[in-house]
Every structure is written in structure tokens, then in C-alpha cells.
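Chains: A, B, C and D, in written order; residue numbering restarts at 1 for each.
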Amino acid sequence: MKVKIVETTLNPWQEVEDYQQEAIALRGKFGATNIFIGTMRDFNEGDEVTAMTLEHYAGMTEKQLENIIKEAMQQWDVLDVLIVHRVGELLPNQPIVLVAVWTSHRGDAFDASRYIMEALKTKAPFWKKETLVNGSRWVDKNTDGYKKS
Amino acid sequence: MKVKIVETTLNPWQEVEDYQQEAIALRGKFGATNIFIGTMRDFNEGDEVTAMTLEHYAGMTEKQLENIIKEAMQQWDVLDVLIVHRVGELLPNQPIVLVAVWTSHRGDAFDASRYIMEALKTKAPFWKKETLVNGSRWVDKNTDGYKKS
Amino acid sequence: MSIKVRYFASLKENLAKSEDIVDSQKNMTVADVWLLANPDKIISENTLAAVNMDYVALTQAVNAGDEVAFFPPVTGG
Amino acid sequence: MSIKVRYFASLKENLAKSEDIVDSQKNMTVADVWLLANPDKIISENTLAAVNMDYVALTQAVNAGDEVAFFPPVTGG
């Protein structure tokens, strides 16, 4: 398993491909991979967003994300997990977060991936500040992501 | 949306990257991407599997997969879907299927991706024949993928 | 009327054929098509049927020019 | 004992500081640390606290050398 915080552009496909390439122990053993990617949108709460700054608590983020992976591995049959999270200055259409989960069976991959994303949103110390056309604002809380729009 | 059946090696990262690159309308609009990849394992039902042949009903596969995407789009707020499925001769560790779903919010991405995979397993006319060390056998039914092992 | 019949996967192997063409003067259901094509073989209860690439029940009526397919449970993904 | 205090995001901006060092001869809880560092500011009810990078309640005791952090609800992912 691996947790990585990056300050430059996050290329999710390259990250997953590279990680899987090196994970020799996985070869032939995993039947399912679930990947979630969160990407910056160009609007939020009805306003155009031109850029975003992601602050984090270095050290605590890694500690919390590693705990979350361990919790997922206790609940589901998970072979491996990769989490990559962007910090610093972002532009719309750039990836913010990547969660990749490798399992033998697909149910565990879907369940563990979703669990990790929800736990990350609740526990990992990252904070978003949005740049609007006029000024900037901190995002004060995460949306639940499941409400019907 | 796109449904694609491929007879040569399926590179899921390249497929998703290429598709997203061309999907200009998605830029800045999607906040969540969920991707599921099914990969051939080197064992099944307690036996070593050295290769696999995937047969399909050309035409019906595409029709059924397109229906499944429409069903998902009726149930969740889905911006775009890509399904790529391998047919022909496969070796262990090679990807069999890719499902990618783009949405505004993460709940829809997880739900729609899972729905599409389950529906694909039930309705898309593909059949697996496994090559074992001694002979070969048709896979007679899909595992439910959610049972606790 | 003339109906094209297709078989897939283990069913194709068991029947040792991938296609049939059946002709009848009468209206037929999918079950009738099977019987005409395979008079000495009872259709297995887990066999699936499709007409023009949509799943159907064995009681479904067929029309001239239809493509009828029989196959075992699908195992893709 | 000496305790390092850190602030993040909007809380850091509102307090106009990112760190404090507080000293006390007595045993302290996380709430005591806040009070000592910010005697004129009531802690907001949605403020989260961590000691040595684990989430804690404000009633948690702190020890010499601990790093205490205060921050608003997290908004990553």
C-alpha cells in the first residue's frame, strides 16, 4: 500500500499504471480494481471557480490515510491500495485525489474504494480555498456527495 | 458514451485517458470518475488457469451494453460512460473489462459504475472458457462477486 | 417463414453446430424454433434465448427474418 | 511543560498566526492549551483538535513535547 501527497499535476493513469507495474506480488492474483478520481470543477455553490488552493497538515494526512487503509483492510479482502492526493495550486479539470483498490473479487473493490473515499473526506486534514472571479473563499464543509441534485 | 469490444490487449489507462481527452464537453464539469477493471486471475475454483478464451455474440453485446448505460443514466446523474470489453485469447494478469463513469458528484459515480458492472455480468453475452493444465472448461456461471470468502 | 438460429459457447459445442436455418408454414414461438431445429434434444432449463439480440421468453412469437439465438448463462466481465 | 500549537486553513487566517508555543507548570487538557494560546477567543464549536496527528476531544490531556493542532472541518478529496 502507498500514500502519496503531490504538489504538481496528478496524472492518475500514470500513477496507477506505475504502481501496478511495480506490484509484482499482485500479478495474476487480483481480479478486480476499483479506482475513484476526484477532479476540480469550474463551478461550486452556484459560482464560477477559476482556481483552488489545497492546504494540508503534512504528516497528519499520511497518518490518517494509512489508518483509513488499515480500517478498509480489516473490513474487506483487499490486496493493495494506492492513494494520491494533490496539494497546492490547482486549476479546473485537474485531478485532486486518486484512490485505487486491488482485490480478488469485485464486491470488495467497490466497497473498500467507497469506504476509503468517504473516510478521506471526513478525516484527512486537507482544506480547499476557492478562487472566484471576485476574491476567494474557504470551502467550509464537504458536500455529502450522495444527495440527489 | 461509448461501447467497444477489443480483440487485442486492453490497456485500461490508455483507453480512459484517450476517451477523456476527446470528451471536450466534460472539461470542468465532472467532479467524480469511478473506474472498474476486471482482470484475469491465474486461478479459479481451486485450479490453476493458464489462459482463457472469451467468446461473445457480436452485435448483441453492444446492444445490451448500450441498454445498460441508458438504464444507469435514468437512475443516476451520469455525464458519460465508457465500456471496453476484451474478447478472444487472454492470459493471466490481462484486463478483461473496463467500466468508466463520469459524474458531477461521487455518489452517482460509485452507484452507476457498480450497477453497470452487475448488469454487464448478468446480461452481456460473453462466455469464458478456461484453459487448465490438463484440458479446458467453460465457466458455467459468474460468481456473485459479493460473497464473503 | 425462414428463421436463422444461432448457438453460442458450450451449447454450440454440445450441439456441434453454430447455426441453423428453420422453415415453417405456421406461426412459431421461440420454443417451436428450438424443437424444429433440435427435435431430439430437450432445451436445458438454464438456456437463454434472444430474438434480434434482445432477451425473450421461450413463449415469444417469432417473425420471418428474425434471428433467434440460444446460449448458456453469460459469464463476461 | 512546553507545547507546540499549530493552526490551519481558515482558522490560521482568522487568528493571523500559524503556530504558538505555550508553557505551563500545571497539567493541561487540549482546551487549556487553546485558552492559554488564545485567552480572548472562544473556540468555535466546529473546530477540530489533534494531538500528535490523531484526532482528540478537547478534554484530552497533553504531555510535554506534544504537538497540538486546531483546524476547521476538513474539505479534501
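The rule we apply is simple: a residue touches a chain if its C-beta (ideal position, glycine included) is under 8 Å from a C-beta of that chain, and two chains touch if they have at least 3 such contacts.
Predicted, not measured: the structure shown is a model, and the values here were computed from it.
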Chain C reached from chain B - shortest hop count over touching chains: 1
Per Cα centroids, the chain farthest from chain A: C
Between chain B and chain A, distance of the C-alpha-averaged centres to the nearest whole Å: 22
Chain centre separation (chain B, chain D; CA means) in Å: 48
Centre-of-Cα separation between chain D and chain C, whole angstrom: 72
Contacts with two or more other chains, residues of chain A listed in rising order: 38, 117
Chain D, residues touching no fewer than two other chains: none
Interchain contacts, given as pairs of chains that touch: A-B, A-D, B-C
Chain A residues within the chain D interface of the complex: 38, 54-57, 59-61, 63-64, 85, 96-97, 117, 120-129, 138-142
Contact footprint of chain B on chain A as seen in their complex: 13-14, 16-17, 27-43, 77, 92-93, 104-107, 109-110, 113-114, 117, 143-147, 149
Chain C - residues contacting chain B, complex: 6, 8-10, 13, 50, 53-55, 69, 71-77
